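Below is one structure. I have some questions about it.
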Amino acid sequence: MAILVDKNSRVLVQGITGGAGSFHTKRMLAYGTNIVCGTSPGKGGQTVEGKPVYDSVEECVKEQGADTSVIFLPARFVKEAAIEAIRAGIKFVVVVPEHIPIHDMLLVRKEAMKYDVTVIGGNTAGIITPGEANLGIIPDIAFKPGRVGTVSRSGSLTYYVADTLTSSGYGETTCVGLGGDPVLGSTFDEILLKFEDDDATKAVVMVGEIGGVYEERAKDTIARMKTPVIVMIGGVFAPPGKRMGHAGAIVEGSMGTAESKLKVLEEAGAHRARTFLDMPRILEKLGV
Amino acid sequence: MRLYEYEARELFGRFKIPIPEGQVVNSPEEAAKVARELGLPRVLKSQVLTGGRGKAGGIKIVETEPELAEVIPKLFDLEIKGFPVEKLLIDPKLDIAREFYLGVTIDRLNYKLVVIACAEGGVEIEETARTNPEKIMKVSLDVDEPLYSFDAIRIGKFLRLAGDQLKQFIPIATGLYNLFRKYDAKLVEINPLVLTADGKLIAADARMSVDDDAMFRHRDLTEMGIVQRHEEGEMTPRERQATEWGIPYLDLDGDIGMFPGGAGFGIMGNDFIHYYGGKPANFMDSGGGPSPERLAKMLVLLDENPNVKVIFGARFGGISRCDDFAKGVLIFLKEHGLSKPMVMRFTGNMWEEGLRIFKEAEQENPQLFARIEYHGIETPIEEISQRAVALAKKVK
Amino acid sequence: MAILVDKNSRVLVQGITGGAGSFHTKRMLAYGTNIVCGTSPGKGGQTVEGKPVYDSVEECVKEQGADTSVIFLPARFVKEAAIEAIRAGIKFVVVVPEHIPIHDMLLVRKEAMKYDVTVIGGNTAGIITPGEANLGIIPDIAFKPGRVGTVSRSGSLTYYVADTLTSSGYGETTCVGLGGDPVLGSTFDEILLKFEDDDATKAVVMVGEIGGVYEERAKDTIARMKTPVIVMIGGVFAPPGKRMGHAGAIVEGSMGTAESKLKVLEEAGAHRARTFLDMPRILEKLGV
Amino acid sequence: MRLYEYEARELFGRFKIPIPEGQVVNSPEEAAKVARELGLPRVLKSQVLTGGRGKAGGIKIVETEPELAEVIPKLFDLEIKGFPVEKLLIDPKLDIAREFYLGVTIDRLNYKLVVIACAEGGVEIEETARTNPEKIMKVSLDVDEPLYSFDAIRIGKFLRLAGDQLKQFIPIATGLYNLFRKYDAKLVEINPLVLTADGKLIAADARMSVDDDAMFRHRDLTEMGIVQRHEEGEMTPRERQATEWGIPYLDLDGDIGMFPGGAGFGIMGNDFIHYYGGKPANFMDSGGGPSPERLAKMLVLLDENPNVKVIFGARFGGISRCDDFAKGVLIFLKEHGLSKPMVMRFTGNMWEEGLRIFKEAEQENPQLFARIEYHGIETPIEEISQRAVALAKKVK
């Protein structure tokens, strides 16, 4: 079992004919990801890596049964691409590009909620279910099938965590990159709930960092979860970020510091890891 | 990206938000001339991209000619949190009856736009929000929803505005919200929104930040002279150099030069060094998929930093490939040369190829690699961090 | 019984301090209409004809339990006024002003559907439930309580029909003016359904005219109704209206002529009246 | 309110819809000069606010100099459905590979905006819609919804566009839709949208109607010189007179002058007269709450119309009050005088007062009322209609 993607996912690449799109399509296919097609308006009828290219997502769904999308497009096109995927019936969208305008992402989120679609990113390395599917730009070297799920805002930290879990013998069910942009398609709590519902996932490692408010949003979910959660927050020694105006302080209060995040998450029952090597130690104690 | 007050105010005016009849000046001479023409008393406001300019002495009320002559050069000599004062706004002195706070920002937690109002404006607003949250009104809207007049009326009544003043408030609130949406803002604030003694509402201050990532669709801002700039804060010469090279870089007060891949491990690596008893000299982010040339420049920044005793490199190749990483290091080694010990680890995307590049170069010229220890996936990053801390202590 | 308004309706007047607003407030009150308050932004605290004025509809609902609104405002303010009423919890809105921009009315209609609110107008004379409530600008001379409902696009025809029904002894349950603007808040079928559900209404007179498509929309409803419907369509001898471009013809087809309207409505079972005096004759035949 | 082709085309251009490089000219001399400068062949298109100008000879393709000299004065002498040709568009002659239809309008039945497309453009589009509805694509959207690129792609593919042409089509469809929304349009049409032999999409015609009732928020259209105007059709001198006075008026071919209250009974009264064997001479609408002066002018129009044998008046006072009605009639009687028999009925709002005014005036000067029969609620309007028909027959 896994969450969000597995070997049966029928994956489409939006922007498959572009440089990054075609490069990573090849990589993802090499890993065994079930990529069925791609889109590139005006290039319908071509092929990339042997996969058919369509003008629209609608055709990918109709002709190839696509249910999952990875977006490799310039940031300014992501809003429409994501909404297109959502409306065409895609159930899971991975937004790899970074620097998506915030107002765009708010609209994408609204559409995703309306159609009950999961979006991760922007600025995510992607998602990998080891041995089954690898969506995005994740190098597969560190990943092995196993029993721990991971969710992180950072690509590099996803790799380091998986590296640790793999070398300590736990392996991973699914590793999810939420993305590094300031407003994200999904939040920690939403991904944690999916892991909670996944029988194969015996524990979850959640890696957050200073800034933003999505770690804090997870506290109630963690408190209700049966699956144990290990939490690591970067930026304990980082200089504090600047607040944006008075409005920022009024809306976000004391959220956003490493202390605030660690405090509410530990209170909710999460187990704190300072370094990657702490993780197997905690897992062992928990009997995972 | 933060706008200057005078820039934000120009946009306010375009959205029919009443603003003081002020004027921007660029030199002490112009300031004196304009202030005299407009007549005293006047308020002189330093134009800097940071908050707290009031406390820093950047805003002066001038009542008399001698005061004017004294205050102007002082203001132009000011530097507020590292920002030199290069422009002033020469404003009328308002006769203030009441002050309000009105702002719009993004509520990331709930994915909404939020309009915030308080009947007590001024710098104490955050304190008020903490101690008396009932004094703050928040109206949440979807990003594609308008703020209607009746929403504005609801806010205006919360501010205890009535009659003609309530009517004046409606286009101010809707205008501010429309401005926010039109320009992909992250923040617009009027603090204070002033009710003058003769019953007029006027935006006495104007603060605005727009989303850098959306500037591509706001050519008119660029035409107004609003160009990409730092959000706030003083820059060290090295930070300025890094900015010129397009590298996110921050000087810290330690001695370990951090050469990480990605912002995520950039932040975490800083913690690791601290956990093991060391102190980083900097924060740096390579950005996604940096070119070898850019990587070489990052190393130059560290090698030329006299505070750096040892360089700590880490790369987990994702979109940034290890072969490019190795090439970048090699360019640095050949063209600049390494003057300090460096310990590094790389793995991930194309790591075998990166390793091959290193081995070949080392075979050709072992001298280049004399000060480098490099590791792969077999060594945990914690061990590399500890090694960097140990090396830094040895150098001392 | 009646539809939409009766003596228990708690009516608010939007724009009560304006010339038309205050004039007709006095008239409506004189008829016995239960007007509880009015709005005029910035004039909260004043009174008009002894009724309190508020800055917003929200306050009218909260303070006075208003559930029905009549709008007397310049056309350009109607969109926001109607949406304000709809969102504040008002269940029935009468838009008296004419020349409401079409795009505005489309938005008002969308909001009304979302909140399940009935809007009539723009450009309606209003609605009257004889002896109970008179909303809008309807002269009450011709109306008497009775057993026939009427619905018409035209104010003057509403008066003529009521005059006929009153003088022939049938009287009226409720008379609804849909309004004369090209896009209307409610359609014939929607009002007909309300009459169908009203026990006191034994027959309905529907008066339409050349142009527009709302008469045609009523055909399925009429076919399903138990209450008999008398239909009168003006413009049988009028010069045909101009189509708006090819698009108008494609969207509206042959709808909009008096012939088209009469044809589909008679096919659906409506009884045609040529003149007002035909109406009592038909009612008698139907045994109403 | 309909726009001229050249006005609509200017707006198309602002919304990045590709348009031919044409030029508007105002006189035969200018036409000749511009056509020569641009070089032959050219298409000369009469600018009139009505359809069917092609059939009426208003569009000419000119290949040679002699043709040009012959065609230009002919076009400027044309009158199409009552519209004199005062301007021409001098367009390039397109090398047409395919023609499409693309339009946006309002679906009143379902309260939606609707984008309509057909792979077969040209004047036969309505016939196609009737006989082969499957050849027409309709995309319905809420008034506050955007048309996304992917919607445009769906439409483009329906038109069997592919590759670069599909990409060209996207901004045309979204631009047309944005234009429609921006200007409160009732209709925008490109017919035909041409695909040229060298693979370019271009809007060869431009049709647009905007909502008169929304013009208050489109000052920029007024600044472009687009002012309130008749939708279409020739006007008789009397219709022109009525328009100047702001009275909706239409001449018909009968002999009963219709002086109704409200458009509703205006239309119905026309039918009534026909049912009873008569023929109205006009259609007229007083508008809501007309002033006495305006009512007097309406009567002047009828009294001075030589076709009118008898005047039929009807007023059910709603927002228009019967006292004002009586006053208006009185003004007319005193200042102009009635030269024809008139039968009328009034009741409704303030009818007692109206009656009092009439009675008083009649008592004072019975001569004024010599040709008038007036009735109240006691007489059915049908009877009054019959009386008017009978009177008209008597006059003959």
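In order of appearance the chains are A, B, C and D, and numbering begins at 1 in each one.
The criterion applied here is as follows: a contact is a pair of C-beta atoms (placed from the backbone, for glycine too) under 8 Å apart; a residue touches a chain by one contact, two chains touch by 3 or more.
Source: prediction; values computed, not measured.
Visitor: Indicate the lowest number of steps between chain B and chain D, counting one step per move to a touching chain.
Guide: 2
Visitor: Go through A-B and B-C and name the pair with more C-beta contacts between its chains.
Guide: A-B is joined by more C-beta pairs in contact.
Visitor: Of all chains present, which has the mean Cα position farthest from that of chain A?
Guide: Of all chains, D has its centre farthest from that of chain A.
Visitor: Would you mind pulling out the distance in Å between where the CA atoms of chain A average out and where those of chain B do?
Guide: Whole-Å distance between the two chain centres: 27.
Visitor: Which integer distance in Å separates the CA centroid of chain A from that of chain D?
Guide: Their C-alpha centroids are separated by 57 Å.
Visitor: Could you state the distance in Å from the CA-based centre of chain A to that of chain C?
Guide: Chain centroid spacing, chain A to chain C, equals 54 Å.
Visitor: Got the chain B residues that touch at least 2 other chains?
Guide: In chain B, no residue touches at least two other chains, as defined above.
Visitor: Give me the residue numbers in chain C that touch at least two other chains, ranges are fine.
Guide: Not one residue in chain C touches at least two other chains.
Visitor: What is the shape of the graph in which nodes denote protein chains and edges denote touching chain pairs (line, ring, star, complete, other)?
Guide: ring
Visitor: All pairs of touching chains?
Guide: A-B, A-D, B-C, C-D
Visitor: Taking the touch rule as given, give the residues of chain C at its contact with chain D in the complex, in rising order.
Guide: 20, 75-76, 98-104, 106-107, 109-110, 123, 125, 137-139, 141-142, 152-157, 159-160, 163-164, 167, 180, 182-183, 207, 209-210, 212-214, 216-217, 232, 234-239, 242, 244-253, 255, 274-277
Visitor: Would you pull the chain B residues touching chain C in the complex into a rising list?
Guide: 148-150, 153-154, 157, 162-164, 166-167, 170
Visitor: Going by the contact rule set out above, which residues of chain C touch chain B in the complex?
Guide: Within the complex, chain C contacts chain B at residues 41-45, 55-58, 80, 83-84, 87-88.
Visitor: In their complex, what parts of chain B are in touch with chain A?
Guide: It comes out as residues 51, 101, 103-109, 111-114, 116, 125-126, 129-130, 136, 138, 142-144, 181, 184, 186-187, 189, 191, 207, 209, 211-214, 216-217, 231-233, 250, 252, 260-265, 267-268, 270-272, 274-275, 283, 288, 316-319, 347-349, 351, 377, 380-382.
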